[in-house]
């Protein structure tokens, strides 16, 4: 368990990091919401702040006066039991509070939390502080992917700045790691912080399988494109095929052709596709179709977790074949914080690994990320597997 | 393996049974498609016929002349690799071919198949005949549920006729059967016919759990309603809650209140709710919320299969917590018949058991039914489970 | 004013005519509603019957017992002040009452109306009878166009039977009739039956103009197509252009190309386009764009009415440039019958003339038909005009 | 005709005025597009600038180099013949170009236009300059109403600043002005600038009518509300009623109730409804229903124009009963500028008068404004009329 002093430092460094990530933005970039899944950066700034005000300052400091009476309404996301929320598609319609006002709100709450850490932190609420910090870290990841969407879908293709490994070269040769059948332990061992969805640690039986040592590359994806992968109905799920047709999908997100050359938008600016780099920004539907085309499949999340010590994570969230479901004996926390994970456990797919946008403390082999099968704006990729 | 002679008899009895089920219908009932998931009865009659013409008569009889050049187009459902299909929402717009013509088409193909059984059946195609028969049996189940939807959503509430156990009384007391942790075998052993999605038989590890000996009843569901179950956001998945709000869901499908009395439409006519009867026509979302309200959960499909020898099937398809996914080492058949199951293995939930609409040969403990989480027009119910 | 005896005869002949029009139909054709604007034929049969039951039998015969307590609910169309209606898009989902039951209902009401004519007809209600008759005549027109839609959009292209002048040859040379500026009288003179929307007769000033003696032909329309008319944005209204793009419109409704030959579906069966026949089944948007392409315009409804004695009506409803608005001093009748016309006087265009589907008594130069600008399933055409 | 020097001054003062109107905005307010009809303020700034660059600088200065190669794409609105436009619903998703960049673009083009006025203005293009100026003036009006929508639909209800007569008190007693039947002249006499849709001046015959000397007030509207006007189907057009039901309309836009008091959002801040002030922000549907409720009607645009010398314009755009249609002998200009008005002449209603947002040069009795019947974000009101 993390010592209290360290927790408070982690709080402060997390708060700073979020703001640091926004430095390259212009005021206007903070405001827009081009699709429902992408939130305006200023909303991330306000929402992560509201979390601390709602669940710590207001809950544990008697007589605490909220910074602004309407902010709970504006910055709540989906904690329906706490109060009426702004409908999600409306976030991009709110020009106020202004970016400056949101930063002032952040500053105010950060200061109040410093005082809270000194005088109010106790056994009852330190777990909530820890969740609040990790909640903000999760939003840091979304913040970067949302910024990429906002800039990368603008006709002017504005530059945010280089992000390490956004283009990630996989030079090693593909090899398959064989894993024997047997009972394996899955889930977090609870020594450090983890989310409820990683618990409890439990046993799973796996039939023998093999899993690739590296992620699929742009070069392999170009072969898939050139072989008509996007036009061959037999490779796709029915609803994947409907998605392809309805949205005229022909390549990963952020790819485009210019004078016959395949290019992609990167946060550092548009550039030509490198065939040795890891393919990124694909949906589960595409990952599945690609694996079918290869005559293989995606690993389950359990297969991934068991084998994960044998490979480096590939800097991409890796789609698995597993649906996002509760582990045996899973129990969700009481009250509003119980809305954190369990309520999403239907019709989503698990992604394992981590991405270049993932904050350090979230990189662990038991971490369960989850998204809808059609989403592509995260840094997603795939690793092949096969039954033996 | 079923002997050939018996297979041909099964073909004929299956064909007869489909037609027998339609006897109570008036011509108009064959035509309509009130929602996208419900197909017009005459479409079921034609589509199951087309299957034999497409995959046996046309495929294996040299020079076979199709009954009508356009019927392949009209009666194909989703075998996209075979040809252009009528968009599913258009089925209810087609007044022609008429019911009489569809019966003539059936008669023609049934006769041609008799001849086929005598002179063309061989090792290469008998499996296809077997699939065709089971395919028609599956449509028999849909046929009955679609008829119920068509009649039960008509303001005149027309009567179809009594269906045995449509109202199914569960008089025994609820008890929980405990199952120990361990490795269990899941899936079909292949001695008899089964679908590809039940294969291969493989090992699964289960943590200890308990499962109810009977299904949830109308009386328990009324308690859920009266306790505000449909209004308590904390019981629901996020997308379940959105579904409840958008569609103003307040009770199972076919229930209504008249002068303060809860009633339901049955194929035999509307009648008052019997609290001892099994609750039916609920979505997965509702089943999940009910289990949450009880402080329990739904069983996984593996837990269900392992325990299933200890209880009678409850005459209802039972929602499980499992997503519809391929078993380890699953492989889909080649060609158009490979489109049968695998392409639906995303974002659907598994139901286990069987219902009053299920033909005899489809009642087996390894059978995997699957539907989207919001659907209610099947004879669906739920059984509670809990981790130990 | 039509004598009473004649009115009762007109009632009976109108009833017979409706049924006669349905003779070529198969039962299934009575049921479907392929688009929201097309009603199932059996609905027309029931709705026109309900009108007499609602506004005469039930209103004027003390103690009259309705034929069926639910039919008012099933067959009301849009008289919202009379009771809850079946939402229009649901009409095609109702398999019951059956066609046979609807005919029985018709028979019952027709008989009751015979008795009504003998014993209850008086000064207060004979106007309602007259409206009821004309109401049914209007539905006769819709009945034929709806049947054409139902059959003509079926992949089997079933034949209804020859309809006189469905293909109407205009052999005369196009000439323009000049009309001087001046004050003209517009509207019905009230000697015979007319609708409220044709009243009151009033004065309109017209600037000088010229109007074609004949309707535009298929041959001219083919020139428009071949000249890229459907692809030239400058010819279209903004919302017309959006409609073209969204629906991929490239030719009149019921036209199709087969082996390079332009054909059209007619009630008598598909056949090659005759360039000398009047173009039919076009929207107002198309009519407008065609006139722009010709460097001319459509006539207003007033210009049309004033000039109409100089040409034969062309067997097509002719789109005018006029919006459907009330005449000066227009007053709508009180009560439910007041819902007949006035409530539609926004965002629709006036059509003048008549079509091959128009019953005799509705062919008059003051008649104002009206439809939304995008609709094409009526027998619509156009006549060119220009300012002088 | 306005002298050239004056025209250039008018250009400069118009450009300044637009920017002055934006002074109270924060950067974020420039960016959002809460509904499709409302454009982001920075888009108005850029679009009005692009107009001068496209139709004057680029068209008439040989070798002119555009400020930015992508801006024509970003800031074109609906001139489809000029190039691909940004789909209208996307405007609010564009964070770039930034507000600062848009101002720089404005500054650049304004300077280039100064030089243009000196060296390139001639008989061929001075009309385009005049149109460009009036085009920008029209956008000034939209700019204010769009700003009101953006701020007035924000939960924080931010203040823009007092706008003269936004609340306009009508203290005089309602009287009806009678107008005799006869031929009247309608349309602009062309001495000064006008739009093509005001031409040509032509003759119209009017039957006798009376028209109110003042606009309907909030007090009268409250009576309408309290009398159940929004719940009485007989007062409404069918499509108006559907609009009321679908959007749950119960009062004018920007009205709300707080502790039983009716209030409204004004640009100067929320305040209680003044019953003597002119009712504002109503749709045509509501205006029509209100007039029906009064037993009267709206004037036609011709009745309005003829009587307009007898009353002050009421500071509100007044819905008329007239559809937006071309005058007799109307001809649209050639080329892209021909897309200005004519292409909208279907399914819209004419509004006459002017509003508090209307720039001076646009207040004239022949001016024809037009909007769809359901729109309310303009400063709209109504004046009653009746036939005599």
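Chains here go by letter, A, B, C and D, matching the order in which they are written, and residues are numbered from 1 within each.
Methods note: a residue touches a chain if its C-beta (ideal position, glycine included) is under 8 Å from a C-beta of that chain, and two chains touch if they have at least 3 such contacts.
Predicted model, so just to flag it, every value in this text is computed and none were measured.
Touching subunit B and subunit C at once is no chain at all. Our note on geometry: subunit A versus subunit D, Cα centroid distance of 45 Å, whole angstroms. Here the CA centre of subunit B is 57 Å from the CA centre of subunit D. Centre-to-centre, using mean CA coordinates, subunit A is 36 Å away from subunit B.
Shown are all chain pairs that touch, namely A-B, A-D, B-C, C-D.
Against subunit B, in their complex, subunit A makes its touches with residues 78, 80-81, 181, 183, 202-207, 209, 233-234, 236-241, 284-285, 288, 297, 321-323, 325-326, 328-329, 338-339, 343-347, 349, 373, 387.
Within the complex, the subunit D residues that touch subunit A are 26-34, 42, 70, 73-74, 86, 90, 92-99, 150-151, 153-156, 158.
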